[in-house]
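Okay, so chain A shows up in both of these, paired with chain B first and chain C after.
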Partner chain A sequence: MDSTVISDLLVGGILRGGMYVLMAMGLSLVFGVMRIPNFAHGEFYMLGAYFSYFACTLGGFPPAIAIVLAGIGGFVCGALMEKVTFYPLRKRSRGDWIMNSFLVTAGLSFILQNLAQALVGTDFKGVPQYWGGSINFAGLSVSTDRIVGFLIAMASVAIFWLFLKKTRTGNAIRAVSEHETGAMLMGIELNKIHTLTFALSSMLAAIAGAALLSIIPAYPTMGLQPLYKSWFVVILVGLGNIQATIIGGFLVGVIEAVSSFSLGAMWQDVVSLSIIILVLLVKPTGLFGKKMKV
Partner chain B sequence: MLKLCNINAGYGKLGVLWNVSLEVNEGKFVALLGPNGVGKTTALRTISGIVTPSQGEIWFMGKKISGLPVQQITRLGISYVTDDGCLFSGMTVMENLLMGAYTIKDKQKVKNSLEKVFELFPRLAERKKQFAGSMSGGERKMLAIARGLMLEPKLMLVDEPSLGLAPKLVLDVFKTLKELTTIGVTVLLVEQNVNTTLKIVDSGYVLEQGSIVEEGSSQELRENDHIKKTYMGIA
Partner chain C sequence: MISEKSLETGFVKNLKHNLGNFGLSPVAIGLFVLLGFAPYLIGDEYILRLLVISLLFGTLAMGFDLSAGYIDVANWGYAGLMGLGAYTSALLLTNLGISPWIGTLAGAFMAAIFGLLIGVLTLKMDGMFAAILAWFIGLILMALTTSLTGLTRGALGLNVDLYFNTGWSKPYFYVIFVICIVTYIVLRRVTNSNLGLAFSALGQDAEAARTCGVDPMKYKVINFTISCFVAGLCGGFYAHFMGILTPDIMSTKHTVEVLVIAYIGGRRSIWGPLLAAFLVVPVFEYLNFLMEFKYVIYGLLLILVMIFYPGGIAHFYNYIVGIFNEKKRKLTGPESNPFA
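Showing the complex of A and B:
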């Protein structure tokens, strides 16, 4: 491989990886704080894409506003979803919570996909471009929409990270994920933290879907691919380990870029999965285990 | 201040506490003593709301607290330092302490509490940035107590702080707790270590098989035949 190919692959991998980080962070947080293996995470990505589509086309908003609106929409939908499904479920189920909540998310995913299909149909709904044009970067020409999408992802990740680390509420979220009883004894209202966590996670997914709308149009089952990718990431680095998802997201992005270049696009998932299985065989808690938390 | 009236409590169908009544008066240092497995921890869990009693009532400062959720009981000013500490191990000492003051909105108050706590435990001041999970057993105990104090509790429940500590450290911890009662914090201490505990507390209760079998001032308990025989090895 010559150096332009390497930089091409690196840039491609990192651009992809940025989105995986954004998706995987919310997935990991929801598992860490609420013990929910969320298989409806991709549907919030889908919702975000539709929100942005309608904000652009029907609302006539500029791209930046559309993406922000999609994020807010994701937050509200996530909060509602938590209140009407997981909140009552948590009150009733004690044992087997992980299995029960998994089944609920699988059901939710199915319902949301079908709802989207019934309401807006199965055809692709996209915008030809957000900002358009391309930027020369490290000797490559990359479309502006990709770069800006990546920057939006990174900004969201950074803001979210600061929120978790520096604010009282963010610290409370981490405390709940560290030790639920301990958090309760500090006077932290678990119900509020759970709703907020799910809403924030949904918001991040919606931002991801919205930011990519000009590259990947909206359609009802579009959430599956990013769902799998974000599960790759969290399984690779260890569930509930938010700091490590940042590394993991880029890692998976680069692995995919390299394997689709050298073996063909259809092999990229095979390679990612094989690597994950290998890692889990050697280190069942994922690359970073539980040591390096949030 | 705190009053338990005829409490029965347990886990599901398993009954642990039977008709437990006890009282802790303001400003006092009271011990709940007893061997392993008799229900001391369960008693504290019941007071703090983690376990709901199946019978009886708990009153705190004129308010019935049995049946209230844990968070609400905490907000009333009861701080529970569990035997395992319930620390946030992936967070720093400082972050743990600030979480202790989660319910306090007034920043100046939090700052004052921090100063007070660091004065009491200078060692924690040196290790603000260290992760709670990487500290030694004794330091974790200190952090758990310090975090419990950040809430500015009126009553502190402390579960077996001596567990796994060197004898000298145990004495230090007990002295610190004693100091707390002089600055207006009432303490209910759970211990197995009868001998040492009775030297320092004001009064105590002895729990056996889930029921209170003896109660009195520490002097009375020290002179009690049953206690001498069973716990102090004096015939």
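Showing the complex of A and C:
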């Protein structure tokens, strides 16, 4: 393997990984704060792609604004769905919370996917390019859209990270994820935090979908792949550990790039699965997992 | 005269008790017998086929309920394991010429082995891990069957020989009928035994169960393996009943279908999901003209059941029986009630 191939794989893997980070972070956040294994996360990715598509084609907005609009759309949809489903579920739930909420997200995913199929159709809805052109980078030519998409992902992750660390609301979210009752006793309104958390996580997924629109066109079942990729990441590094998803996302991206290059695209999931199984065998809480009830 | 009467009630009681050991109440037997004669009572091929599909989904949902209801694992790869059973049986038949009857069993064992492996890996953690690992495995099996076109013909579909030389539903009805009854009896027996007690203890409070000497790992793995076996068995039947297999059979969509039936039927009852299949499958067959909106309704139903009535039909039935018992006790007076 010569050096151009290696750098090609590395760059490809990191570009891919950036998106996994963005997706997995929201997934991990929702599990950490609300204890919901979100199965509908990929559907917000799909919504983001559709929002951006319609903003670009019907609204005629420039790409940057389309992506922002998609993010806002994801935020609003996420907040709405949290209020309509998880809020009443939390009110009525007696035990079995993880399982019940898991099934509710499955229902949500089913509804969103099939509504999209019924209302928009199954054909690919994409834009040929956002910015177009390509950039020479370390002797490789990479399309501008991929680079900009990656930069958007990284910027979102950084802003989100600062929000969690520096602002009062962000600290409240982290407090709830650490100890719910304790946070409530300190005067944090749990309902607000839960809604905000779910909305933010949906927003991150929607941004990911929107930023990649020129590379992956929008279609109703497009959410499945990013969904299970982000579950790979989250299980690999440990559930609810938000920092570690950053490392995990890039790790999975590079592993996939390498395995699909050396074994063929068909086997990349098999390789990832084998790694997950190994991790579960050796350290069931994940590579960077916190100690939890095993 | 009196002694004769008491002898009779004694015999009836004994019989009832023995049947109860197999999870069969007189009502259940009556319904099963009635169902057994259905092919002779119903001349319409379309309705009979619908009955076969209801039985298939009922059996699948019972297997699903075993792990979802008793150890709190919603097996997210259920359709994947069903597809594994189906493809195993079909490939054994087309490539090696092995009889579909043996193939169906082989497929079931194949699914059970996968279930065992998933269980051993993940069941020491929260049930969610098992659900998600099973899901990954289902997705990968689906991707592999799609891309290994040399073996499975991929999305084009694999033609499979049927069990019988006829396409009429009647003989297939009896095959799935027997599978369904055997599954029902075995599952009821398992869940009513000490094993079942351990299962529900684990589902309710794993810590407390462990303190009482229940080895959670062992029971959970046994439970999960049996559940996967049922999935594989039904998959084998599906293959030799439908005659064509596509990788779509493994998609998560079908897991959700089974899951909706199981939850409408009610967790932790086994009979609830079976009954629910006879309500849900025909209704959704009728709703086919709605296309995608049918699945939207599936999703809505799942959310509504989860939020407002997580107990399902079985819970509703227990509630009604509870009211009746209360009335009876009030009518007969306190002296007949040993606990009064």
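Just so it is clear, the second predicted complex is superposed on the first by the 290 of 294 C-alpha atoms of A that agree within 3 Å, B and C clash if a C-alpha of one lies under 4 Å from a C-alpha of the other, contacts with A are read in each partner's own complex, and residues count from 1 in each chain.
Methods note: a contact is a pair of C-beta atoms (placed from the backbone, for glycine too) under 8 Å apart; a residue touches a chain by one contact, two chains touch by 3 or more.
All values reported here derive from a predicted model rather than from experimental measurement.
**Q** Given the superposition on chain A, are chain B and chain C in a clash or a fit?
**A** These partners fit in the superposed model.
**Q** Check the contacts made with chain A and report whether chain B or chain C touches more of its residues.
**A** Between chain B and chain C, C touches the greater number of residues in chain A.
**Q** With both complexes superposed on chain A, which partner does A:152 reach: first (chain B), second (chain C), both or neither?
**A** So A:152 meets neither chain B nor chain C here.
**Q** Looking at A:179 after the superposition, I want to know if it touches chain B, chain C, both of them or none. Which is it: first, second, both, neither?
**A** In the superposition, A:179 touches chain B alone.
**Q** A:196 contacts which: chain B (first), chain C (second), both, neither?
**A** neither
**Q** After lining up the shared chain so the two structures overlap, which partner does A:104 touch, if you call chain B first and chain C second: first, second, both or neither?
**A** It touches chain C, and chain B stays clear.
**Q** By the touch definition at the top of the document, which applies to A:277: first (chain B), second (chain C), both, or neither?
**A** second
**Q** Touch check for A:92: first (chain B), second (chain C), both, or neither?
**A** second
**Q** Is A:168 in contact with chain B, with chain C, with both, or with neither (first, second, both, neither)?
**A** The answer is first: A:168 touches chain B but not chain C.
**Q** State the minimum pairwise Cα distance, in Å, between chain B and chain C in the overlaid complexes.
**A** 16
**Q** Identify the residues of chain A that lie in both the chain B contact region and the chain C contact region.
**A** 293-294
**Q** For chain A, which residues count as touching chain B in their complex?
**A** 168, 171-172, 174-175, 178-179, 181-190, 293-294
**Q** For a test of understanding, state which residues of chain B touch chain A in their complex under the given definition.
**A** Counting only chain B, the residues touching chain A are 48, 50, 70-71, 74-75, 79-80, 82, 85-91, 95, 98-100, 102-103, 147, 151.
**Q** For the complex, which residues does chain A have touching chain C?
**A** 37, 85, 88-89, 92, 96, 98-100, 102-104, 106-111, 113-115, 117-118, 224, 228, 231-232, 235, 266, 269-270, 273, 276-277, 280-281, 284, 293-294
**Q** Which stretch or stretches of chain C touch chain A in the complex?
**A** Interface residues on the chain C side: 68, 72, 74, 121-122, 124-129, 131-133, 135-137, 139-140, 143-144, 147, 252-253, 256, 259, 263, 291-293, 295-296, 298-303, 306-308, 310.
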